[in-house]
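Shared between the two complexes below is chain A, which has chain B as its partner in the first and chain C in the second.
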Partner chain A sequence: MRFKASIQNTNTFTKLTASFNSLGPLAWVKLDAEHVHFTVIPEQGTQVWAVVSIDSIFDTYTVQSAANNVINLEVPLVLLNRALKTAWNASSAQIRLTKKDNVPLLALTIVTTSSSSHAGFPTAPTNNDDGFDAPFEQQLGGNSRETIITQEVPVRVLAPDVVAGLHEPQCREPDVHILLPPLLQLKSISDRFTKLSLIGKSGNGSAAPRTRLELSANMHGCLKLSIKTDAMSISSLWTDLSNPELDPSQITMDIADHPSTKMKQLGSADGRSEEGWATVRIDARDWGKVMSVGRLGGRVVACFCHEFALILYVYLPTDNGEQESVLTYYLKTTGHGTPLSS
Partner chain B sequence: MVVLNFTLTPEAAAKVHDILICLAKFSDTVAIEARRERFTFTALNSSKSAYAALTLDGNQFFASYEFLSSHGGSDGRFTCSMYAKALLSVFKARLNDPLRRDGAIDRCEVSIQDRPDATQCRFIVKMVCDQGVIKTYKLTYEAVDVMHALFDRNAAKNRWSMHSSAMKEYIEYFGPRNELLDIVAGQDGRAIFKTYTDKLQSGKDILKHSLSTAVAVNTGDFEEFKVDSGLHIVISAKDFKAIVAHAVTLKTNLKAYYSQPTRPLQFSYGSDGVLCEFTLMTSGDYDASANATPAPQQIPSRTASQAQSAATERIEDRSIRSEMPPPVEPASRAEPRRRIPGSRKETTPKPPQPGSQGLFVSQDDEDARWEPVDYNNEEETLGWDASAEHDAALFPTFRDNASLSRTETAESNDAVAPTQRVSQIKGLW
Partner chain C sequence: MAEDEEPPILTAVSNSARQLYLLLRCINFSEKAHVVITEEGIKFSVEEASSMEGSAFLDKSLFTTYIYRAPPRQEQPEQDNSDTESDTDLNTTPSFQISLPSLLETLQILGLTDPNNSKPLWARDNPSSTAFTNNVLGLNNMCLISYRRLGCPLSIILTESTIRTTCDLTTYEPDYADEIPFDRQSLAFKTIMRGTWLFDAISELSSTAPEHITLIARMSKGKPKFALSATGSLGSVRVELHNNGDSITTGAAHPSRPGAVRDADDVPKQANLLETFQLGDPTTPLRAAYKFSLIQKAAKAMSIATKVSVRVDTQGVLSLQFMIEVGGGEAGGGGGKVSFVDFRFVPLVDDEGDGDYEDEEEGKEGGDDGGEEEEEL
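Moving on, here comes the complex of A and B:
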């Protein structure tokens, strides 16, 4: 079993791991010849299934194993993220699977070179008045120094039959699909709404009340985010968003029969009509965790299955010629009625 | 009867704040030892594995310094211990603010009220601020005997020196919460600083281990590096971070002296009348091969791990004090009060944020706003707060609490009589 790669884009890799880490502590990482798959399945809440093209993170990349050259690992995301963060100014960074004392590790080797700009490094021959016995003769080459940092992240290797039981959720064809507005905007508004709804409920301790956001969209470019409590009802409406065209090759049915085609007949572009909305209710905390993916700056298409589920497809920004990387988030609606209080 | 009066410039008071921040990381209580020509803060941690002594030079550090003791003559001293937190709330941050904002002082006057006939013995700090405002703090203290850790630099053949700001850069790579730091002198011209918590063991909890970080530094990047090749020495990572964080405030070189694992290690640095010495317990690296540790050189009969036992005076110090009959001074012995050439008194940098976990570089706000909001912990709340608690921090009060817990330093444990010559006690270690 061999895995070795040089990291081409530590920034993207760091942000990826940070986004995944907000959902759950552990990721199943599947390495194969073309892609790196990251899957986070928390005990409850949103799952993410991500397929990342190798060249969006790595430069040179080798993966070998007895099981069809596929390696499955369970990786603690906090540690991987922390390790990657220290590579922010690295001149090169490499990651490989290794073993120490029989414990599998992902070893991240970071090389930093910095020309010593601050006074912390000896530049001139050291004068020998510091009380040490011997003068220190060694001179620096070129006034730049190279430091090698090794971060070791303990991992667990998963056998193929362990991961064979993990399946990506299946969902019916969505009623509405829409390109979301900038996530920072969406996140700030939903955070604000959640905060407002918690006023007076004194969310001290772990027994903070659960808050649910209601998200609706129609096939005329409208998205509505609202929150209702006993005391108030607030909503925010976006219009003029785009509903991407369906790719006939991606769906099994005739486009004319697709639920979204029927939804197109209903509702209006100003969002005032009561008809044509597909709605899901989502736990506000869970939504906040999902919004964490905004740091990657990708396009996000939201697919609404009315009263059932919300699926977000996050397309990572790519340079030309790169294969596309997609992160798929599966959010379940949390049912009807008044918000659960605990 | 003891007379102790000294005055601090705002600069020096800010340095005292930095010193206390550092010592508070080692112990809840700080001991003070005043002598005729110097003033020392010491701290010993609860497991007695780390001892810190930060000495302020009477002439150089203070604007004025006066110490008189009715007993003991020239060798008389005054010792006591206080809560580090109590001192810290007097020596707050931003005492030295060039812009003269809130908290800035003009000067700081400290005196001791210690008379057998007085009803109250107090450590009195007067902060003289602008517009004639004087804040007076009276702190209680506990009379204790101060112990000093023994460290013999002659036996410490391994030594290195590096500028603290460079070292700070390296420790920023360290994962938080790691307990141990292994300093390895590699064979390939590199020194390795490795932090880890414990030995990795395969099993269920493997993923709960902390991040183990190794930073390999060219020995050429050190001011001096003279360590036996292949030597591992393990110290507490937390102590090391605390020491480096303080050394950075003095913008000075950090020097390490050690012999071998299980023997104490000393870090030393100082400038402008401040001399800081930290004596730490060490151990060997768990995965160091047996032959990597050099054979013990003339280990004394005393059990090795208990070697940093107490004595009333450090031996080095004794040899350079003018009032002592000077023994033959070994050539390698450094004069600790040496001025670091080129180091100027500057405005002290911001002290490290206490309790800050943000050791990592690039902790940008950009990233933080993408984190899910923790509504339980949210400081921003809409509503009313009728409590007056906000003001509590502005007016620190001290309760007259006589039942201060006795610290370890309280035990009088003089191993060496204060008049003994160094040559006489040579055989002890």
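Moving on, here comes the complex of A and C:
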């Protein structure tokens, strides 16, 4: 079993692991010849199934195993993320699967070049043998020196039959699909709504009840985020968003029979109509975690299954327009929150 | 719908929600605020334990549009018509309570994140702005406050580019708690100074974590002297504001020497600290004590106020009136708008007999020449 790669884009990789880590502590990482699959299935809350193209994080890449050259790992995300943070602005970083005292681990070797302005700081302890080189180089007039950092992340190798039972959730065809506004914008408004819902509840002493955000969209470019408390009801409405066209090759049914085609007959583009909305209610804290993927800055298509589930497809931006990486989030609606007063 | 035919009681549009936020933040120390809507503006007031109250007045000049239509006087149509005129007035002046923290949070939503604003047009993700979109006209940030009719929620509509946020604040029955009476016709003391000076003084006093604050005003050798002093478990502090060119002098002392003051007569002359200084009875010093934690709640107003008028009436009630300039340079236009935020405090009664407030009785004797109009700041 061999896995070795040089990390081409440490910043993306770091943001990616940070976003996954907000959902759960462990990730199932599946490495094959073309993709890296990250799957986080927490006890409760949102699942994410991500398929990341090799190119978007790795450069040279080797993966070999007895099981069709596929390696399955259980990776503690906190440690991986922490290790990657040291690679921030590194000149190069490598990752490989190795073993130490019979414990499998992912070893990151990070080479950073620090400029003289940081020379006052003690360098991180390194295991390299050529400890003399750095000060020597500086004496020669070089204003920078190289530091090699090795980070080890213990992992568990998962046998193929262990993961064989894990399947991506199945869901019916969505009623509404819509391109979301920038996630950071959506997040800042959601966060404020969450804060609003907690006003006056902190004093009670008892644990604050879970806040439910209501998220609705129609097939006319409108998205509505709302929350209702005793003291107020508030909603933000986005208009002029786009509802992407369906790709006939991706769906099994005739487009004319697709639920979204029927939803298109209802509602209006100014969002004032009561009809044509597909609605889900989601836990505000969970939603906040999902929104953290916004730092990656990709396009996000939200698929609404009315009163059932919300599926977010996050397409990571690619520089060269090659294979896209897709992160898929599955959110279940949290039952009936506040009854709709229509 | 029939109910929509009637025009709303209040329609007020502002293009700077931030101005409203800055003013209302000054009185953010209570869950509920009492709201009264009149022809002249909207008054928000809060109170705490009946011993202090604060109010912010949003004058109609703060709004680009302010339309007020008094609700029809048909609240008790078939009842006895012997209602006095004042009774009817009470019923028709819209008055209710709302959650103030909710309102403040809502006002901050506007302009929260427009990631595009920091970038030039060509670097934006979706260059939606053209020469004819609202952004160019400065219309993209708008705050509409409306109150349709008695019993309806107070609704705030915030609009920016393609996002419209609607917030309906539940209106509660007003508490008819009496206002703290303040007799501005019989003042024992009045002075006007810069808000930040009062703020500095209060911050200085807070270092000893005091329970009470004592306000002392007297004429000494024809010069006005105004002092604030507080004693806490960590020591005592006295801040004096003199008018003959001295800046604030502070003296911190150990608990063994309470009230020690550093002599500061040799400080070079500066502009007068106290713009106005009137004692009801110039021959008798005024002493009055208040709960420090309550006074501290006005700190936000002190820190942003241009001027503060400090008044004590003959009953010892303290009134702090803050003049706040909002949005001089902001997009709101109409630079130099002045708004007022008021606080009133009930004095502590001298029941412990520790001698701190022994002169209070004397202060009550004055008050013949202290009457001033409230707006004259």
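We adopt the following convention: the second predicted complex is superposed on the first by the 301 of 342 C-alpha atoms of A that agree within 3 Å, B and C clash if a C-alpha of one lies under 4 Å from a C-alpha of the other, contacts with A are read in each partner's own complex, and residues count from 1 in each chain.
Convention: a residue touches a chain if its C-beta (ideal position, glycine included) is under 8 Å from a C-beta of that chain, and two chains touch if they have at least 3 such contacts.
Quick caveat: nothing in here was measured; it's all calculated off a predicted structure.
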| item | value |
| --- | --- |
| Contacts of A:Glu146 with chain B and chain C, given as first, second, both or neither | first |
| Of chain B and chain C, the chain that contacts the larger number of chain A residues | B |
| Chain B versus chain C as contact partner of A:Arg285, first or second or both or neither | first |
| Partner chain in contact with A:Ile199 - chain B first, chain C second, else both or neither | both |
| First (chain B), second (chain C), both or neither touched by A:Ser233 | second |
| Contacts of A:Ile189 with chain B and chain C, given as first, second, both or neither | second |
| Partner chain(s) touched by A:Asn89 [first = chain B, second = chain C, both, neither] | first |
| Which of chain B and chain C A:Arg272 touches, first, second, both or neither | neither |
| Shared chain A surface residues [contacts with chain B and with chain C] | 184, 195-196, 199-200 |
| Footprint of chain A on chain C - complex, ascending | 31, 98-99, 101-102, 105-106, 108-109, 112-115, 125, 128, 153, 162-170 |
| Interfacial residue positions of chain B with respect to chain A in the complex | 159, 161-167, 169-170, 172-173, 175, 190, 199-202, 206-226, 251, 253, 255, 287, 331-335, 338, 341, 360-362, 366-367, 369-373, 375-376, 378, 380-383 |
| Parts of chain A lying in touch with chain C, wherever the complex brings them together | 181-182, 184-185, 188-189, 192, 195-196, 199-200, 229-241 |
| Chain B partner contacts - residues on chain A that touch it in the complex | 15, 18-19, 22, 26, 74-76, 79, 82-83, 85-86, 88-89, 100-103, 105, 110, 118-122, 126-127, 129-134, 136, 138-141, 145-156, 184, 187, 191, 194-196, 198-200, 203-206, 208, 285, 288-289, 291-292, 294-295 |
